[in-house]
Amino acid sequence: MTAIPVIEAEALDLTFQTNDGPIHALKDVNLTIGKGEFVSFIGPSGCGKTTFLRCIAALEHPTGGTLRVNGMTPDEARQARSYGYVFQAAGLYPWRTIAGNVKLPLEIMGYPRAEMNARVEKVLELVDLAGFGKKFPWQLSGGMQQRASIARALAFDADILLMDEPFGALDEIVRDHLNEELLKLWARTEKTIGFVTHSIPEAVYLSTKIVVMSPRPGRITDVIESTLPKERPLDIRDTPEFLEIAHRVREGLRAGHAYDE
Amino acid sequence: MSWAWGAIVFWLLAWAANHFVAKRWPRARWARFFVPALFGITLLILWEGIVRGLEVSPVILPAPSMIAVRFAEATGVLWEDFAQTILKGALSGYLIGCGAAVLVAVLIDRSPFLQRGLLPVGNFVAALPIVGIAPILVMWFGFDWHSKAAVVVVMVFFPVLVNMVAGLKATDHLQRDLMATYSASYLQSLVKLRLPAAMPFLFNGLKIATTLALIGAIVAEFFGSPTRGMGFRISTAVGQLDMPLVWSEIAVAALAGTGFYGLVALIEKAVTFWHPSQRAGGH
Amino acid sequence: EDVTLQLKWVTQAQFAGYYVAQEKGFYGEEGLNVTILPGGPDISPTQVMAGGGADVTVDWMPSALAAREKGLPLVNIAQPFKSSGMMLTCLKESGVTSPEDFKGKTLGVWFGGNEYPFLSWMSTLGIATDGSEGGVEVLKQGFNVDPLLQKQAACISTMTYNEYWQVIDAGISPDELITFKYEDEGVATLEDGLYVLEQNLADPAFEAKMVKFVRASMKGWKYAEENPDEAAMIVLENDETGAQTETHQKRMMGEIAKLTAGSNGALDEADYARTVKILMAGGSDPVISSEPTGAWTHAISDKALQ
Amino acid sequence: MTKSILPVLTVLAAIVAVWYLAAVWLNSQWVYDQAARAGTEVGFSEMVAQTMAQERPVLPAPHQVAAGLWDGLAGQKVTSKRSLVWHGWITLSATLSGFALGTAAGLLLAVGIVHSRAMDMSVMPWAIASQTVPILAIAPMVIVVLASIGVKGLLPKAIIAAYLSFFPVLVGMVKGLRAPDAMQLDLLSTYNASGSDTFWKLRLPSSMPYLFASLKVGIAASLVGAIVAELPAGASAGLGARLLSGSYYGQTIQIWAALFAAALLAAVLVALVGLIERVSLKRMGIAR
Amino acid sequence: MTAIPVIEAEALDLTFQTNDGPIHALKDVNLTIGKGEFVSFIGPSGCGKTTFLRCIAALEHPTGGTLRVNGMTPDEARQARSYGYVFQAAGLYPWRTIAGNVKLPLEIMGYPRAEMNARVEKVLELVDLAGFGKKFPWQLSGGMQQRASIARALAFDADILLMDEPFGALDEIVRDHLNEELLKLWARTEKTIGFVTHSIPEAVYLSTKIVVMSPRPGRITDVIESTLPKERPLDIRDTPEFLEIAHRVREGLRAGHAYDE
């Protein structure tokens, strides 16, 4: 899988200046993500997964190294509206209905009205929220809100979709369902996806590439290329190949932790 | 005329300088003083320039330089007035008023009935203009600073009460449920949960109250006073066309008010260090 | 021709002559369009003059002379009030029987430009007013007579035509009171006169306008003296606050007539000299420090009253 | 709403009761003094009766104030100078124009402060200092200065009212416009939204609750400003003039009636803003 | 396992009155939990798991049926300080340090000072937060905060420990570690534990009894008694017995969901 590189990080470094002193959040991160890849980031809490995603989206600025997105700086890529971002928390605007929230990026990017409505309807259906468009966020359960925020990121045509633990608050069944939908969407649109998760099976099930990180300072300890086929039914999770990859991820994770049972 | 133009040019230059400093060193400690100071100096120079340039009569609006000279001459009088109005009148009224408000807030906190009854009435009372209340209180409490303190008490009581009552309610469900699972007593949850949680709100009220206290004490002196005090001095100096003295008193009031406000804000910072608004720039 | 008149105090019979001249059309007859601005405790007539808010103002001479020394050249162009109506009113029960007894007592005084006569009087008596031993305790008296009624002060400042009657109306009988008129104590200073800015007077057109104004105003005053009840009713109609009462204003007009009697509008030089002498007598801290020059003119009143 | 009627009435009843007691206590001195002057004795019930009906009581009894208020509001033609409606109207017009000016100034400054770091650092401390200037002290000078440059009538009063009302609006709106959390801002940033998009679609809507809270404070402050400005404005009409002339003639009942009329006006204005708040927040979906 | 019943729910019903109309959150819930049992609640989002736990802790009051805790009403049990509760969100008091937060219940229950400090130290160690006692909550990552809130509930000796998705925000390794610690603690102290989770393996690994719920109105659709031994190493999760129970739970869950793949 040597596609055109979409994201290239080289010797990336990021230190936060806080009043308790500096926090070295990312250290010497090197990674290349090709077009159409599905890359999962996994690692213990506080290891810099969110920070790395934010760097890609130009929400943080690295203090060292270089980062290129589609051959541009992240800021230029943002100006070209290349990103869809799903945050760790839903972050819906409480004064907008669910449909209004999903419509927000479309308004900003100046889509024509008719197309806006068509898109909103389509993505709400995709995340199983058809019929909830007129509700306000607080009238929905936490899981439903999270799905609405996913819909919001899918509504417009960003090449790169960055998702920060989007399914954390959902139960296993809904999660499985959305995992499948996400894979379908990815297959159909050829988006490049960066995906943060705490769940090893989820990472293995979804990804073409799994990046294991370890804390502080946040480094990449392992990059695992998935050997699973692109077509993945849910029960692929019981195959030895799957379990093998999962095992490798678990070992990589464990290495970064203090306790060794 | 050239004075006025000079002042305007200076204003534009200072504005550009401030812009540059604010962009370049947005967090630097010295910039936090430099920028507002330069802004203030600009205002003064603009004032000086316009007064001189347009030859405004000093009886209408004296120039800052004149005020400064008068200020230096009159420090004795200014200090006497400051002690009378602010140290005696405003400060004692502030302490009594805020103390009473906090106490009442805690007392009525247990009774939703009293709260529902008192707060609308309180809002109504708070809307009574001081120019109406002051003569009445002067009549009741006499000429000296006691009546000024009484005016201040009336003025600060309700803003602090309202904020404190809101603050005592500001705990979230989860925090209260936690106390419930421990079967904590009323006093325990008051001391360990509600009072700490109320602090950001309380300080909101206390900060508003500082400026109210000052205004109240000064204004009350217009309705009768001994022959000292900032309000007294202002009203008599106007009669004597001693505008520089009037503005010196106003400068004292503004300095004292800003200092008082700053002091309360400093205490707030120490007490509510944990509140997100105090942690801006941290995480 | 437009003229703006700034009064020293709120609309009341004290200013009846101007309102009468207005309502009776005396100003109109002279071709003047007069706007009368009421005053109040927060309005300093001298400051309004300095700001160009009025052409002519009613003020007391001590305050006008003090302003002149401060660099605001006010000039007296007419003096409708001959005598002073100011006095100190004391409760007998406070033990005050003569000015000697003031020492150690609390006295209510008006400030805001009205304190000069009192200060001059005290310094002629040799009584300290700065709160020192053996002096009097001075209170800045508010707008009303409450300090006396509440016994917060032994004596308060009153005008014969106004506050004194408020004390009476409040239910205290005259024989419980003892009064000290400035007039009787030999410390009377000139009260309500008409003042304009010196530089305006240089303009012949302005001067001519003032001549007409003074002429019509004095006509108003004389009419008011002769028809006090009608004058009081005119004042009442012009009171925008609606706070004045008919009895009070009629009584006030009666008292005012006593003060305007004896003045044809021209300043009496002897009165002026006496006022200046009293103001300069103030010991270490006189109200005015040097003999004023050009503080009055007969030019206007002479032409107006010929 | 209906839930609070009973408590409010209870509290009011308690206040009225305390008030009557205070009236008897404060006014009795005068009754005894008068009796002593007249050389007569008064019994307790006689004393109480007299304290309720003085012409210039130290503290007028509630029914006296109510009568004064009623007479001022309903007992006069509204165009009469003795009508509180007439005076209230004069004050209201200054209040509303001052409120409009002050709100506009507060909003503009807040927008500037939120968008420009230089303004944030320089304006805020001075805005605070400005509020420590005793307005009643400088109001006469403001009026004179404005008059000397030809500004007269309603405008000077409105400017003083605006001076008092801009501050709460400024403080509230700075807080409100900064209310969006980092994530909400980041979201727009990923869309590469423009400054105006951020303002209209995020900052402004999320500041609405703060805006209304400060508008309520602001309109009450504006009323106080209008009343204060009436004292030196020369125009001797309006509730402020009424308060002062009552005070000048020692007519306590008139003072209290004007005082209550002013508070009533404030309550109505605040309630009105509250109503607009409820309607618009509901339409925006923020109110629950 | 017919131990002394600690919690007995009979025909429990709870309806919330909201301005959109009533919400029937729990319907005809019958359940008996014996002393020393470890009971997991699993079910889709919004099915009433939290609500049921809150009823037990007397934080909500059922609108129908009876509920007894240790033979008392829940309110009486609360007054007897029978509960330790770990909420879905950490809910630490921001003005107290981590140690101060953990100390809070001890202060309220009047433990002697020396014992307080000893206990705080012990439980902080247990959740791997030794050395963080002096930090304030906002200085810790989300996962660390959640662990602090667990420490807080463990600091005092409640018979009944109620935990609402305590490990939701943690990564798999930390989660495994804490799962093991929790089991050890439970074995040592014989507490009765009510535990809400979205993770089927977690539920199976920890519990003696798994309660499957379905939404609305929230009902119990299945109660699965675990046949696993009390001694459970982590790799018990690969045994057929484990997978068998997990399968049954999954089936029960799926039945309550709308989509059937």
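A few points about this structure:
Read from first to last, the chains carry the letters A, B, C, D and E; within each, the first residue is number 1.
Following the convention adopted for this analysis, a contact is a pair of C-beta atoms (placed from the backbone, for glycine too) under 8 Å apart; a residue touches a chain by one contact, two chains touch by 3 or more.
Treat the numbers as computed from the prediction; the structure is a model and nothing was measured.
Contact with both subunit D and subunit E is made by A, B. Chains that count as touching both subunit B and subunit C, per the definition above, are D. When the C-beta contacts at C-D and at A-D are tallied, the pair with the greater total is C-D.
Centroid to centroid, with C-alpha atoms defining each point, subunit C and subunit E lie 86 Å apart. Between the Cα centres of subunit A and subunit D there is a gap of 53 Å.
Each chain gets a centre from the mean of its Cα atoms; for subunit B and subunit E, those two points are 50 Å apart.
For the pair subunit B and subunit D, the distance between mean C-alpha positions equals 18 Å.
Among all residues of subunit B, those that touch two or more other chains are 60, 135, 139, 222-223, 235, 238, 282-283. Those residues of subunit E in touch with two or more other chains are numbered 139. Counting only residues that touch two or more partner chains, subunit C has 41, 44, 47, 50-51, 142-144, 146, 150. Contacts from subunit A toward subunit D in the complex involve residues 54, 57-59, 78-81, 83-85, 87, 89, 91, 93-97, 104-105, 107-109, 136, 138. Here subunit B touches subunit D in the complex through residues 15, 18-19, 21-23, 26, 31-32, 35-36, 38-40, 43, 60-61, 113-118, 120-121, 123-133, 135-136, 139-140, 210-211, 214-215, 218-219, 222-223, 230-231, 234-235, 238, 243, 246, 249-250, 253-254, 256-258, 260-261, going by the rule given at the top. The touching residues of subunit E, counted against subunit A in their complex, run 20, 42-46, 128, 139, 141-144, 168-174, 177, 180, 198-200, 234, 250, 253-254, 257-259, 261. Taken together, the subunit D residues at the contact with subunit B in this complex read 3-4, 6-12, 15, 26, 58-59, 116-118, 120-126, 128-138, 140-141, 144-145, 148, 220, 223-224, 227-228, 231, 240, 243-244, 247, 252, 255, 258-260, 262-263, 266-267, 270.
Residue ranges of subunit C in contact with subunit D, taken from their complex: 10-11, 37-44, 47-48, 50-53, 142-146, 149-150, 166, 169-173, 176, 239-244, 248.
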